[in-house]
Every structure is written in structure tokens, then in C-alpha cells.
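Note that chain A is present in both complexes that follow, paired respectively with chain B and with chain C.
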Partner chain A sequence: MTAPDQIGSVTPVRRRPYGLLLVATPVLLVAWLVIWPIISAVIQTAFVTTPDGGSAVSLETYSFFFSDGYSLSNLSMTLWTTGVCAALLLVVCLPIALYLRFSDSKVAAYVQGLAIFPMFVPSIILSFAFIRVLGPNGTVDLLLNSVGLPHIRSPYLTPWGPVIGLVWDNIPLTVLILLSGLGNVSNQAVEAARDVGAGKLALLWHIILPRISNSILVAISFAVLGIFSAFTLPYILGPAAPEMMGPFMQRTFRELLEPKTAITQAVVTFGFCIVFGLFYVRSVAKNRAA
Partner chain B sequence: MAATIVTRKTDWTGIIFAAVLTLVIVFPLVVVGTWAFTNVWRYPSVIPQEFGLRFWNQTLARADVWSSISMSLTLAFTVTALSAAICLPAAYAFARMDFPGRNLLFFSFLAGHAFPKFGLLVAIAGIFLQLNLIGTFWGVVLIQLVGTLLFMIWIPVAAFQAVDRRMEEAARDVGASPFRVFWSITLPQAGPTIAAAILLSFVGTFYETEGAWLIGAPQVRTLPVLMISFINNQPVIQYGAVLSVLLWVPSFIALLFARKVVNSGSFARGFGG
Partner chain C sequence: MSVLKIKDVSKIFPNGTTAVDSFSLDVADGELVCLLGPSGSGKSTLLRMVGGFETPTSGLMTIDGEDITRVPPEKRPTGMVFQSHALWTHMNVFKNLAFGLKLRKVPADEIKRRVEGVLELVGLGGYGTRSVTQLSGGQQQRVALARSLVLEPKILLLDEPFASLDQHLRERLREEVRDIQQRLKITTLFVTHGQDEALSMADRIVVMRDGKTEQIDRPDVVYREPQTPFVAGFIGTMNLIEGVVSNGVFSKAGYATPLPVSDGPVTLAVRPESLDLSAVSQGSQGKVHRVTDYGTHGMVDLELLDGTRVKAMVPHPDLFKPGQGVTLAPKAIAAYRDGRVIHRTGVVATTAHPALVDA
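Up next is the complex of A and B:
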């Protein structure tokens, strides 16, 4: 991929709007299958059909969601998982990114390769590997047993199952986004601070973190958007109840056959993620236009 | 961490990172690989009692495995071909032509990325329910097609914009037709990046699980969907392990070809980094 030009600057081949015809199909697809479903979901869940055949504004489905104990415990489980994953991702990925930015040893190339590798492992294979390693009688149990130690309390089918899987899955892009942000920290700034006697922590706190705060926010937003409504990993690795919003919506839609309730749950996830979503999209657009 | 900036001695930080990441990232996959080539592995032996290919024969003899392999490949080819057919001309238009609303339409492809993905899929499924597309092949094609649009437009736009315009103009000056210029100058330069975009969208579609499961199941059963049912209901561990190895092949091909793209800074910038 090459560095993009400004989308605003083009040397026009033709000034007539032929271009509109060429872009029409994908644009209409986005309008039909992204923008319309979102509008439709909000409208559909905010109106009820009155007995005389008309429709009236009603937030009934939402008041049900926010008064139903099971829905609320699924929501709080989702919030907990998202929060824990975002925090763990920062704790794990920031040191890796810092190391990769400031090291030029041969080991660094190997570390970078490993950190990016999960991008090339589909989450379904990850789930299977997780169960084989950390599940009951998995490899960890085998190794502990062989040295005479007791079994672990397996995280499989507990809230920690999806946390471990989702963190593993999100390491590559978090590292890449943070590393891209660390590119803005100049070696001179670091050396200058060190010359005046700044310790490692002071360096990190006063010089590096302020310069990459935007990248940290982008990385967190991206992770939150992906984790909040994650489906595959929580469905396979998580507990049956309470469940995360992804499996909850899927079950409501396909097994309980209550599409309106499922769409209400979807709009609730939109509401919780809207700040992260807008921030994320704004950052991507800004980068693309710059 | 930051201290390694000037040190030239043994890179202990790096060695610790490398060891931990190898343990956490490579080890679980090695375990799955081992299971796939194991005939007998009973608890509590640390290594398998008998290695062999017995379960490859058994897995590959299953009809559901073959039908889901062909379903996955058909879906991925259909979606990628459709996506290329509608996105590449659009990408060319965005890169080279001026028309009303160009910027707005270009950034409209980001719309889907402002929302949590599965929530959006449920909203789309609500529309498909009214159109009777639930449980159909074309319903899954549509939902996976939407997922490829952003990549299949934005990456080729960057590729078309990076083509050296002076070469195109020179060719036109010596009398080449617009089609000839496109075929002989533009395409060879933009080609490799576009091929990477097509490969990424093929692999992405092949592994797309959530849309296929929400819209397609149980009628449309792709390889990842079959894998979910193996994990949930199949007591023979080796079936899942063999299927995992098979499933990983497209990712391995992508890994070989796309690593350069992924490691370049512009890839992370494409994600907002």
C-alpha cells in the first residue's frame, strides 16, 4: 500500500459526472445495507403499532431491556469484558510497541513477527487451540500433572475465556496502531530529555505518552468496537449465562425468533459504542485525507 | 524498554518478549498441529502415544467436510468476484474523476465502521427477514460483500493514485488509446496492490463467521460454521484439529503474500493509527 494522495486533490480526467455512474453500485449497497438498516433499526424499535392500525412513538422495547434482569446482566458482563480487555490490551501492547520502537536488535524483528502473527490465525482456530491448551485435561493440565501439581481452574466457559481469546486476537492491530503513533516520537526528544536527567518513568510519562495519546485512544476505540459485540469467541469460550451481547443478540434473533428484541439489543450496543465509533471513524478519515 | 535505544549489549528485554510471545502465541498452535497428526493421545501422557494420519483419512472421508469446503470456496469466489467487479471501477473513478459529492461518497464507506459489527449484522438481518433472505446463499453473499467494500475501494484508490501520471500522458502523446494506456501503463503499476486487496478480501470472506452463522445457518454451512459445530458437539478431538489445519491454509497463503503490506506503516494508518 502506498501513501495515499489527498482525496481532495485530483487532476480530473473528465469534468462530467460519469464517475457517479461508476461508483453508484457500491454506494447504493452501503446505503441499502449499512445506513438504511441502522435508520430502520432505530425507527422500528421506537414505534409500536396501535390497535387502530396506526403507529405511535413508544420506547417500550427499550424500557423492557433496561428493566429485564437477564438483559442487564448480559449488558454489564459485556461492559466488564470490554473494559478488562481494553485495559489488558494496553498493558500488554504498549510495552511491546515501546520495545519495537526503540530497539534495532535482531530479536525485535522476531518479536514484531510474533506480535502480528495472530492476525493470520482465524478466531475459530484460536478458540479450538484455547480449549486444547487451557480447557479441562488440556496441555497445561498435562504439564502440571506430569510434575505433580494440581489442575488449573480452567477459564474455559467462564467470563475469563472470552477475555483471553479477545486480547490474543486484538494484539496485532493494537501493537501496529501504537507503533504507528510512536513513530511521531522523535529520537531527539527522547535523548534531550535523557540528557537533562529524566528517568525511564519520567521519560514515558512526560515525553512519550503525551505524544501518542491520540494513537492510544484510536487503539482503544478500535478494540472497543470489535469487542463490545464480539460473537465467535464469547459464543465458544464464554459461559452460557450471563452471555455477552453478541451471542445474546444471535440467540434472540435465531433461536427465540424475536427480531424486534434482537434489534433493540443492537441499537443499545450502537448507543454504548457511538462515541468510540465516531472518534474512530474521524481518525481514519483524517489520516486518509492528510 | 526505552533504554535499549543506545545499548549494544545482549537484548534481554527482547529475549524475554520473544520467549513469552512464543509461549503464548506459537505454543497453542503447535498443540493443535500435534493433535492433527496424532492417532492416540490419552490422558495423562505428555506426548501422544501414537502419531499418524488416521484422522486425516477419516476427516476427509466425511461428506459434511467436503460440502462445507466447497460452500466456503464458492462463497469466497462469488463475493470476491462481485466485489472486484463493482469496486475496482468505482476505485478508478474516485482516484481519477471529478464528480459531485465525490468526497462525501468516498468517506461513506466508513459508515459501517462506526458501529459494533455484530450489532450492525443484526440490523441487516432485520431487513433480510422481510426479504426472505435468511438461510439463503445470496443473503450470505450480500452480507459478506458489504464487509469487503471499504478495503476493495480504499486500497485500489491509493494504488491508482500512486501510478506515475507522466508515463500515462507520455503514452497518450504518442497516440495510445485510453484503453491501451490503462492496460499497458496503469494496470501493471497498480496491479500488485490491487492483487493484495483482492487476496485480503478473499481470505477475509473465507473466514467470515458471524454473518454466515447469523444469516446462513443452518442451510448455508461454511467451513468455520462446521468448525463451530465440531467444537460444540464433536467428542473426537482430532476431527477439529485436522479441520483447523485445513482451515488455516488460506491464511498461510495470505501470510506469505501480505506480510509486507501489513508491516508497512500505511497499513496501520489505514486503521486510524
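Up next is the complex of A and C:
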């Protein structure tokens, strides 16, 4: 038998769509519960009803949003809170994750437990704890007062209120993602760097950070996505005006009874979030390719 | 001149385990010393202490007379090649090599010249722009070696660098590493648990057991004149026969041979290549259990009358069949008592067969 005969005799394997069927349910659910509402929201805000009962493309709700000073200050407040929280999360969580990764001490287990603890505390409990501790006449004030010191300027109902709450709330997830990334930095890679003369800073800057850059991106994307659309903590701890997009949307919808304006705010919020979502998708794709 | 001196170094881990126990060694300039021993013998811990990655509990280590016992690894004049290569995958080959030089603020053109020179030395000229993940295991190990060499360390430390490579590549690389080490005349400490690696590369071998030195000698001496039963059994293949000496005769289950030592229990050590066999039909001292033909020679597995297994190397394995009776005539023997050699006679074959080393 010749080689071409052998090749010709091979029966092609029929690919069965079992794999596709397995993912069909979640894909349909995502399409129905996520994709369709997004499309629907964009359509609702991009069309207006004309006097003759027809519809026409109009971006007037967006024009209003981006020309309204109050809407813009709420957006910039949200962006500011998100940016500050992301920066603080990195500053707080990276040292914790580095300690947990490289420490052989038994204390590390307790530190990890403490870092993960906020995950088990509901936001509403956290908010009330915050008010009782840092609010006016809270524990800190009482302690200061008892030793004759003046009251603190409470962050409650200031832009720093949501920042403190959101950072605390996002520490567990950020630490876990960074710790998982640091798991890919082998001890020998670190020792090899020390062996060629890298001190602690050079080690962090040239070896560890580049190796966990994807994890940092994922952690920040997750944190930003959560913080940008956060509601409970900004609603309870934040100022009445300007306010973050979450409470702003809720108030526009329930108190001002302007659903179309609220949907426009939601689409704008989604627009910002999708950018960080794309960062995450890109990072996952890059990891898979590697 | 780069001389490493290790004096009475011990390492006791916090859980109480003694990894290295009062170890002393002098490594001469340009010498390659192999630390050889089974897992848990303390050889890697010792190497890591020389590299600065572990701190000795007690003792002193000097390089060219300078105390380095407490010096951190980034400030030591040592270069270490790790078992897993430990290359930085976010850098290409050139950057992996240049990193240490950049930290030392070497000018860019000097970095380029030195990196390219070392890459040529390890046979990777032109590979600078390659990603390390695109390289084979052997090439990655060469890059790891080049990364250490480019910094011109006084002492090169190799921690089982070929352990993750296949046998063929391992043999080729160890020859290349030995050539480079001899060309650069760099003082080298090499950890391995492969006796073939140690025997083929080292100027001297340190056989370690339970954190202590069993023997330090040239490879041929370690092979031919092991000082303890442990070394005898660990290096190459050795028949260790427990028996009793009475009136100058060693006896064990029907096998007897003259042994001029005082009466008492003795461990008789005979290399397979030092044991002559003769097929007999009557008065046998043992019988053939299995015959293995390696092409260049044969290995006969024998059973003494009490079932003790003994190996003998024969030039013509076809002369022996399983079940056949044989007599044994050792050409060279050593006798051990209380863990020390008490008698040695004859000369073991001048050239150890490679197959024995790997056996």
C-alpha cells in the first residue's frame, strides 16, 4: 500500500458539538440578562419619539449629561474615587501580598486571615462600623476627647468616606489576585536575581513587578469595575453632592422619576467600565497565549 | 587567585534538623570540587550557605581570606547556577545576562561586549534577542551558566545544573561545562547526586552523608579506595558481604577467603570487575541467578548459599547460565569494621566501566 493510499483510507473524525452545547446555557443567559439590556439601554437612549409618533436618532440625553455641570461633577467624583481607591489598594495590598508570599513566619497565616476578613463583612455592616468608629462622636472622637485632644475632621459624608470604605471592602480580592500572581514568581528566580546583585528595590522593580504585571492589571480592573458602580458604601458614607454614579442613578430613577436620564447615566458608566473590562480580557488572553 | 575555605560550618534549622555538621573544606584556585551524596546529605544546604542563601549556625567561610559568612548573596563574589535554570522569562537572553552588569553600572558598550563574548563561550552566539521560553532545556541551562559567568565571579556554584536534562544532553553539557571551567580557571563548587557526573568532572569529590564528610579525595581514589562502607556502596557498584573472620579467614555461607585481620565481624567489599567467576559442577560457592549482556561485557547476578546477592562482571556472559554453580575468586578486596577500612588488597581494575558507574 502506498502512502497516499494510507492517507486516503483515513476516515475523517466527525466533530460532535457537545462542548458547544455545554457552554450554550451560560452564553444564552449572558446574552439575555446582560447583552440584551445593554443593547436595549443604548437603543432607548439613542432614539427619541417624534411628535408624529415615529422615532428618530437623537443623542440629546448624552448631550445633556455631558453639558450638565452636576452630572459631570458626579462623574468626575466617581472617577476620582475610583482612581484614589485603585492607587490606595495597590499601595496597601502589594506589601501585604509580598509579605504573605515570601514570609515563612507563622504570623503570615494570621495576616492572611485578617486581609481576607473584610470579604465576610457585608457592606452595610462595614458602613455602620465606619460611622461608629470614624463618624462624629465616634470611638476615635471619644478617645481623643478623653485625653483632652480636639475632635477629628470626620471623613463621614465627605469624598474620603467612600474611599476608606471601598478600599477596605476591596482588600481581600485584590490581595488574593496579587498573591496568586506572586505564586508564579519562583523562589529560584528571586534568588538568581539576588545572586547577580539585586537588592530589595531592584528585585521588586526589575523581577517581581514585571512578572506580576498581569495580575496587577486584573486586580485593578476588578477593583475599578466594582468601585465605579458601587452603591451601598457611597450612598451611606459619601456626601449628598456631588455623589458617585451609583447613588446618582438610583436617585435619578426613584426620586426624580427620570428613567431615561438614569439609563443614560448607566450607559455612560458602562462605557467607562467596559474599558477596564477590556483590560481584563486582554490580560486573560495574553496569559493564555503565554 | 580565588580560594574558598569552609571551616567547621554547621547548619541547624529552626525545627532542630542538623543539615550540615561541622563541615570543613578548602577549595583551591581553579579547582572543581563536587559535593556528592544522597538526598538529605546536606550538600545543597552547604552550597546555599556558600552562595549566601542560608546563614550558617556556626563556622566560618572565606573567599581569598575575606570573611563572607554573613555577607548577603547580592554582595558575594559568587555566581550560582540553579537546577531549574531560574531564568527571568520577561527578559530576553541578552537582558538576562545584562541585568547583573546593569546593576553594577557597567557602561552599555562594555555590557554588550561582555554579554556577546560569554554567549559565544557557551555556544549561543547570536541568541541574544531570543526569548528564553523559545530555548530548549540545554540552551536554557547554557544561558543560566552564561548569566553567572558574565559577572566573572570568584567562585562558581552549580546546584545540580543538569538534573532536569535528559541523559544524552547531560553528558554533553557536563563536558562543555568542564571545558569552560578549565579554560576560565574558575574555582567551582558543584553539587550533584549523580556519581557519574562527579567522577567525570571533579578534581576532587566530597562524599557527604547526614551533613558530614565521609571522604574527600580525587575521583579515582574515591572509587578505588573508599574509606567507609558507605562510600564503597555509594560510588559505583560494590558487593558488600557481611561475614566473620576467624583465624585469618573470612567466611560467609560457604564462601571463604583469606583475610589477615583480627577475628570478628567484617564487611567484605569487592567490585564486580574484581570478582573472577569459574563455572563448576561440584563444590560451588554460589549459583548464577541472572546474566545480563551489555554488549561490551556481561553482569552475572549470583546467589551465595544463604541467598546473599553478589554481582560479577564477566567478559563472556555467554559462558554462564542461570542455575549454574560457580566459584568466586576476588582479585582485590577491602574489609571494613566499625565503619572504617581495616584491610585492602590488590588493585581494582584501573578503569571503571561507565555502566558500573550508572548501575
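Just so it is clear, the second predicted complex is superposed on the first by the 249 of 290 C-alpha atoms of A that agree within 3 Å, B and C clash if a C-alpha of one lies under 4 Å from a C-alpha of the other, contacts with A are read in each partner's own complex, and residues count from 1 in each chain.
The rule is short, and it goes like this: a contact is a pair of C-beta atoms (placed from the backbone, for glycine too) under 8 Å apart; a residue touches a chain by one contact, two chains touch by 3 or more.
As the structure is a computational prediction, the values presented were derived from the model and not from experiment.
Asks: Touch test for A:Ala129: chain B only (first), chain C only (second), both, or neither?
Replies: The answer is first: A:Ala129 touches chain B but not chain C.
Asks: Quick one: is A:Val275 in contact with chain B, with chain C, with both, or with neither? Answer first, second, both or neither.
Replies: Neither partner.
Asks: Just chain B (first), just chain C (second), both, or neither: which does A:Ala198 touch?
Replies: After superposing on A, A:Ala198 lies in contact with chain C but is clear of chain B.
Asks: With both complexes superposed on chain A, which partner does A:Arg211 reach: first (chain B), second (chain C), both or neither?
Replies: second
Asks: After lining up the shared chain so the two structures overlap, which partner does A:Phe222 touch, if you call chain B first and chain C second: first, second, both or neither?
Replies: The answer is first: A:Phe222 touches chain B but not chain C.
Asks: For A:Leu22, decide between first (touching chain B), second (touching chain C), both and neither.
Replies: first
Asks: Of the two partners chain B and chain C, which one touches more residues belonging to chain A?
Replies: B
Asks: Looking at the overlay, does A:Leu256 come into contact with chain B only (first), chain C only (second), both, or neither?
Replies: Neither partner.
Asks: For A:Leu173 in the superposed arrangement: first (chain B), second (chain C), both or neither?
Replies: first
Asks: Counting contacts the way the document defines them, which residues of chain A are shared by the two interfaces, the one with chain B and the one with chain C?
Replies: In chain A, positions 191 sit in both the chain B and chain C interfaces.
Asks: Enumerate the contact residues on chain A facing chain B in the complex.
Replies: 1-5, 7-8, 10-20, 22-23, 25-27, 29-31, 33-38, 40-41, 44, 95-96, 98-99, 102-103, 105, 107-108, 110-112, 114-133, 137, 139, 142-143, 145-146, 168, 171, 173, 176-181, 183, 187, 190-191, 200, 203-204, 208, 215, 218-219, 221-222, 225-226, 228-232, 235-236, 245-246, 249-250, 253-254, 259, 262-263, 265-267, 269-270, 273-274, 277-278, 280-281, 283-285, 287-288
Asks: Applying the document's contact rule, which stretches of chain A touch chain C when the two form their complex?
Replies: The contact residues of chain A facing chain C are 186, 188-189, 191-199, 202, 206-207, 210-211, 290.
Asks: Inside the complex, what are the residues of chain B that reach chain A?
Replies: Chain B residues touching chain A: 1-5, 11, 13-15, 17-18, 21-22, 24-29, 31-32, 35, 43-46, 86-87, 89-90, 92-103, 105-120, 122-127, 129, 142-143, 145-146, 149, 153-155, 157-159, 161-162, 165, 193, 196, 207, 209-210, 213-214, 217, 224, 227-228, 231-232, 237, 240-241, 244, 247-248, 251-252, 254-255, 259, 261-273.
Asks: If you look only at chain C, which of its residues touch chain A in the complex?
Replies: That would be residues 51-53, 72-75, 78-80, 82-84, 86-90, 99-100, 103-104, 133, 144, 147-148, 151 of chain C.
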